[in-house]
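Take a look at these structures.
Common to both upcoming complexes is chain A, partnered first by chain B, then by chain C.
Coming up: the complex of A and B.
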């Protein structure tokens, strides 16, 4: 069954109240919320090679009406995001229905760039026109000495415009109070961004949460290899806790605070 | 509940980045970069990302104000335009057209900027026209 009929059935059978998909408007493929009131619009339902954080919109909708049943087209990365949002109680899995769609559909790419897809191969378009993303880790890490890597990362961070785009587009960034706006950590209005604290604060928060969707890197006007940075942060988490964010609805190791802190402070010079 | 996405152009400067407004129940909730826009190609600066904030600001004027006896009063567009035309006319008659200057803005369209300079030169009769991007 094609996605139009599948979405229509979900709406007609009242399994969802609103369905988030894509449509074409003025030559742009953009997201759209389809509802029962205008079922005719569903003829225009499609997927898009331009990815937008539909799950983030779902959290905005759920905030307005927690009982709203939301459907959405979901690639693998959307699905992983939803899992993260379920475990952090941002969305109720009972109220979400997804229609699975192909990863990163594009006339240029036969495969996505994502770490979750095996094997890691690069699409024809990137082979011809761009950097092989999956080769980037070797480029930045393995073949370099520590001082070289350090200066390369500092160079990358120094390009930052402090637009907060990486945070704003991130589907798993939902905190009401963001550390990147905490005056004690990041000075408000200071430009250029404080390097490397700005990026490392965000990287720390992506550990155990980032699902490698790559929207941050797409949105970065300075082309900072953010995906690589967060992958590295996540490698540490998966190494220590054997946890891969978004693969299931298992709680992140960082969400378990416990009832009582039993450790005692020790003097620093001991 | 109603959820729409509306493409638009950022009104903060003259670059013309494509933005996408997330509109829930008639209210703009957030701004996203329009990924398929040729100018910004899915990227935005911090001002563009926060475009919805001034649209929804309680400090935003939604009708013209006329200052009478030192106080601002709400007015209709007809009243405001009449008052402005009368004010400009008085200054021009008393001190000549060069006593008037017009500042145009990056926040209006190219066509509106063109009209504004045309109005300054042809209707008022002065070359005193400048743009905020030069200040």
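Coming up: the complex of A and C.
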């Protein structure tokens, strides 16, 4: 059964009140909410490589009306996000229905996970002065000394326009009050955005939460390798706590207060 | 929770190139000797590493 019919059945059988998918507008797919009142519109429901955080829209809708039943098309990354949102009580799994669609096409895998998507091209200048988008976090750690890594990251962070695009697009960013808008932490109106606090605050909040969808890096107008930074943040988390965000409905190690862990203090002379 | 967060931030700072500038130690109010020892050792370690490059950078900008 194709997704149009599946979505229609969900709506008609009142399993969902709104179905979040995409529709075409001027050759580009944009997110659209299909409802029972406009069933004819469903003919336009489609998916492509264009990605938007539909789960984020679902979170906003659920905030307004917690009883609203929401359906949405979901790739692998959307499913991981939903798991994160369930564990943080932002969405109720009882009220969410998904229709699975293929992951973004890639030259490496027909139904590839987005991690396998064609690597972004890194220009010559960036290769020389910045951080390669496609570098692996451990490669960066092994191939550069502390001062080298420091100056590279400072170079990247200094490009920040403080557009908040990374936060706004992020499907697992849902706090009512955002520390990045706290006047005491981030000076309003100052550019570049409090290097490196702005980015490290975000990286810290991504720990145990980021599901590596890569939307932040796609959205960044300054080409900061955010995905790499958050990927490392979560490699630290999985290294220390053996936790992978979005893989199940297990709670993040940072959300459990008072549990016993085996961790040892780092020795001073290490 | 503190030890979890600190373990994470220590590794994140290492990735940023600021390794070894953050330390956590449990010291009771009855352990003055230990307090002195830890603070002295940490101070010496930091002095050896030199000033925080971040400070130099922000002063440059402002």
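As a convention for this text, the second predicted complex is superposed on the first by the 219 of 270 C-alpha atoms of A that agree within 3 Å, B and C clash if a C-alpha of one lies under 4 Å from a C-alpha of the other, contacts with A are read in each partner's own complex, and residues count from 1 in each chain.
The working rule: contacts are C-beta pairs under 8 Å (C-beta built on N, C-alpha and C of every residue); 3 or more make two chains touch, one makes a residue touch a chain.
In this text the structure is predicted, and so the values were computed from the model without any measurement.
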item	value
Which of chain B and chain C A:254 touches, first, second, both or neither	second
Touched partner set for A:33, first chain B, second chain C, both or neither	first
Contacts of A:60 with chain B and chain C, given as first, second, both or neither	first
First (chain B), second (chain C), both or neither touched by A:241	second
Partner chain(s) touched by A:148 [first = chain B, second = chain C, both, neither]	second
On chain A, the residue positions that both chain B and chain C contact, one per complex	none
Residues of chain A touching chain B in the complex	17-18, 20, 25-33, 35, 50-53, 56-57, 60-61, 64-65, 68, 161-165, 168-169, 218-221
Chain C partner contacts - residues on chain A that touch it in the complex	137, 140-141, 144-154, 195-196, 200, 203-204, 207, 229, 232-233, 236-237, 239-241, 253-254, 257-258, 261, 263, 265-266, 268-270
Contact set on chain C toward chain A in their complex	1, 3-5, 7-12, 14-20, 23-26, 38, 41-42, 45, 53-54, 57-58
Residue numbers on chain B that touch chain A, as the complex places them	1-5, 7, 18, 20, 22, 24-25, 29-30, 32-37, 42-46, 49
